[in-house]
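Per-chain residue numbering starts at 1, and chain names A, B and C are given in the order in which the chains are listed.
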């Protein structure tokens, strides 16, 4: 039994924050689209993937990662808009199972298109030198500069979304739409445009997350397929349709998952044999966020911050 | 044939074809078709069990593949320990132990997750079933000893007295008989008093509760039964394929299972088998045309969702027959 | 005469708005007790609470002396209470006979039975047919429920309510959507049940209410403002002002 490594704890907390913010980017788009459009988009993960690939290609084209992100964002928004006009619109009136199955088919199509365009292998995105290094925040605490960037961008985006939803006219429409679709329509606001905008916004958020992750893990086919389930867990825990829930859920899941993986072995060793702890540890930490989800559901089946339904 | 409904007729034809054609092709030197048919039969079993939930119970489980995984590892893990030591309590190649474990653990997992999952509905239900399946996926990925995501090779097939599963034809017959029994089982359950309540709850849960039925319990039992059958199929699959991996529990597989049921017609006993057949044939056929077969496949799936209602069986039958 | 149903200070709020705001109610055995009130007064909410399908915030519900306030809805049928719905609630995918048979089956012991085909169990089917005959739907027994008219659906619901064997019926606007002839059919049927069953009836159709009710309670903004026999209610100033006067 050793002492608690505070440096490691700090670093892993920052990592948890980073993961949480990335999850928030993905989950916020998902929950926005579900909350306002009443649309379950399984292919949301594919938009995450496409964002990463587009950014990768642009980085090689333009030579600068940050400029590539700025260019890739509107492209991702356009892709989102394209998906909305073609597939999503056809499925709005259908029940959720049809939406799930339809967007499942869409994933296959988009994954194959990505394969055709970018090939089967993953694409690594080179970071500019100033982003590629490490930084010492506190004595003994060294983290990659890029992680700091992710956290900064993530927080700024979260604040931006909060401002958008709470203080702008569009945000008012979004909130109104989320709880009273007929009222918005009755106000003469063009629902079609509103929906297209929201969908494109969701796609952009997912794409941004993909772009931020790609330099760390490579842009690869199917990278969206696992993240989508984690995003589901986030919005289930937070409350489907709620931005606040998506944020709290994402931070919770990000922190628990990261800290769990690092410290569960040690925690188990407090009351278990070292050998047992080392076999049980990875298994339990792999399942941890789902166990948390089950726990939340057992007591609050609608999630932590369900939106008010009228 | 006189007195048989269209669906029963279709069932007999398909089962007869499955009984005769693949073994004959095997004996004439085409082992490939036997393998294909075995995969089809096993998927047919899983799809039939999913239909109990989906078609008759109205429960859209998007995590049903998890039971295939649990059943498969229930065969793989004991066999592994038998050969490589450790965990003496479960190290065995005994078929009864392995299949029994497959069924029991699957049923247990179904009931435990069902307790939570069945308190939700609609899109929550879909997402939560996906999440629980994903949980088990990550569980198996995290266990290095059983291969993690590289998968696990199964050295020998399950041992049973009198039945030698090493013989492909014997294994196929076991699968085929299992399919027939499972279809009969599901059909019997559906028409029983239990099945009536389950179907009533699908049609109008509020009404059933008013009549005095605790529909939550009925659904939980159905969930357990479907899980157990899925686990059994998983054990068969582990015997058929000497290699298993967590990828069997990938939610894509669960999605494909739903398609099989929806495609074949979710309100009939034979529908899921027809759906599984169509799916496998489509996969084979498209796969030969191009390595990018997922593209036309995805488009077909989207097309089905947008245009076809009632699936293949709905096309075969002009109205809802007694299934 | 004993109170079959005794409700004390029942409350339920939705996001700050009180739908049920302290309801006191007593229904005695064998009576037909009607609840009337303006739209939005909370009548359906009250019935849903009484049936246990909605959890009350506070208050007590006593059924034959037993406190059932927190008992789950599916236990009501076995206690002897059933309800009908404002919007017809039937299993549309099944036949008329299937629907009634399910009501009979619920009283026939546990349904955790997996072997015998339910549609071949003679005593269930026969009893179901009897109930359908009683409401005049015997000839339609084998039709898909979805083929029947709205009025016939209403009759089905009555058959099902009777088949459930409940001593107390909570009826939520059984005449809703019916024409004058069909309404009178239902009224006559309910008249025949008075005395043998205890009925709590929510209705807008004043003609039917005054034909049927032994007593009437008036529900306004989630509260009962008056209870009495039809003449008393007709004469009551508060009621005229709050409700009848508005017509």
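Heads up, the rule we're going with is that a contact is a pair of C-beta atoms (placed from the backbone, for glycine too) under 8 Å apart; a residue touches a chain by one contact, two chains touch by 3 or more.
Bear in mind that the values here come from a model prediction, so they are computed numbers and not experimental data.
A.B. asks: When you draw the chains as points and link the ones that touch, which shape shows up: line, ring, star, complete, or other?
C.D. replies: line
A.B. asks: Taking each chain's centre as the mean of its CA atoms, which one is farthest from the centre of chain A?
C.D. replies: So the farthest one, by centre of C-alpha atoms, is C.
A.B. asks: What is the distance, in whole Å, between the centres of chain A and chain B, each centre taken as the mean of its C-alpha atoms?
C.D. replies: So the centre of chain A lies 32 Å away from the centre of chain B.
A.B. asks: Quick one: report the Å distance separating chain A from chain C, using the average Cα coordinate of each chain.
C.D. replies: Distance between chain centres, rounded to whole Å: 49 Å.
A.B. asks: Please tell me the distance, in whole Å, between the geometric centres of chain B and chain C computed from their C-alpha atoms.
C.D. replies: Centre-to-centre distance between chain B and chain C: 43 Å.
A.B. asks: Mind pulling the residue numbers of chain C that touch at least two other chains?
C.D. replies: Residues of chain C touching two or more partner chains: there are none.
A.B. asks: Would you pull the chain A residues touching chain B in the complex into a rising list?
C.D. replies: Within the complex, chain A touches chain B at residues 34, 40, 87, 90-91, 94, 96-98, 100-102, 104-109, 111-113, 115-116, 225-226, 229, 232-233, 235-236, 240, 279, 282-283, 285-287, 290-291, 293-294, 297-298, 301.
A.B. asks: For chain B, which residues are in contact with chain A within the complex?
C.D. replies: Residues in contact with chain A: 60, 62, 113, 116, 119-120, 122-124, 126-128, 130-132, 134-136, 138-139, 141-145, 250-252, 255, 258-259, 262, 292, 294-295, 297-302, 305-306.
A.B. asks: Please output the residues of chain C touching chain B within their complex, sorted ascending.
C.D. replies: Of all residues in chain C, those touching chain B are 51, 53, 72-78, 82-83, 85, 89-94, 98, 101-103, 105-107, 111-119, 121, 160, 164.
A.B. asks: Which part of chain B faces chain C closely enough to touch in the complex?
C.D. replies: Touching chain C: residues 188-189, 191-197, 199-200, 202-204, 206-215, 218, 221, 320 of chain B.
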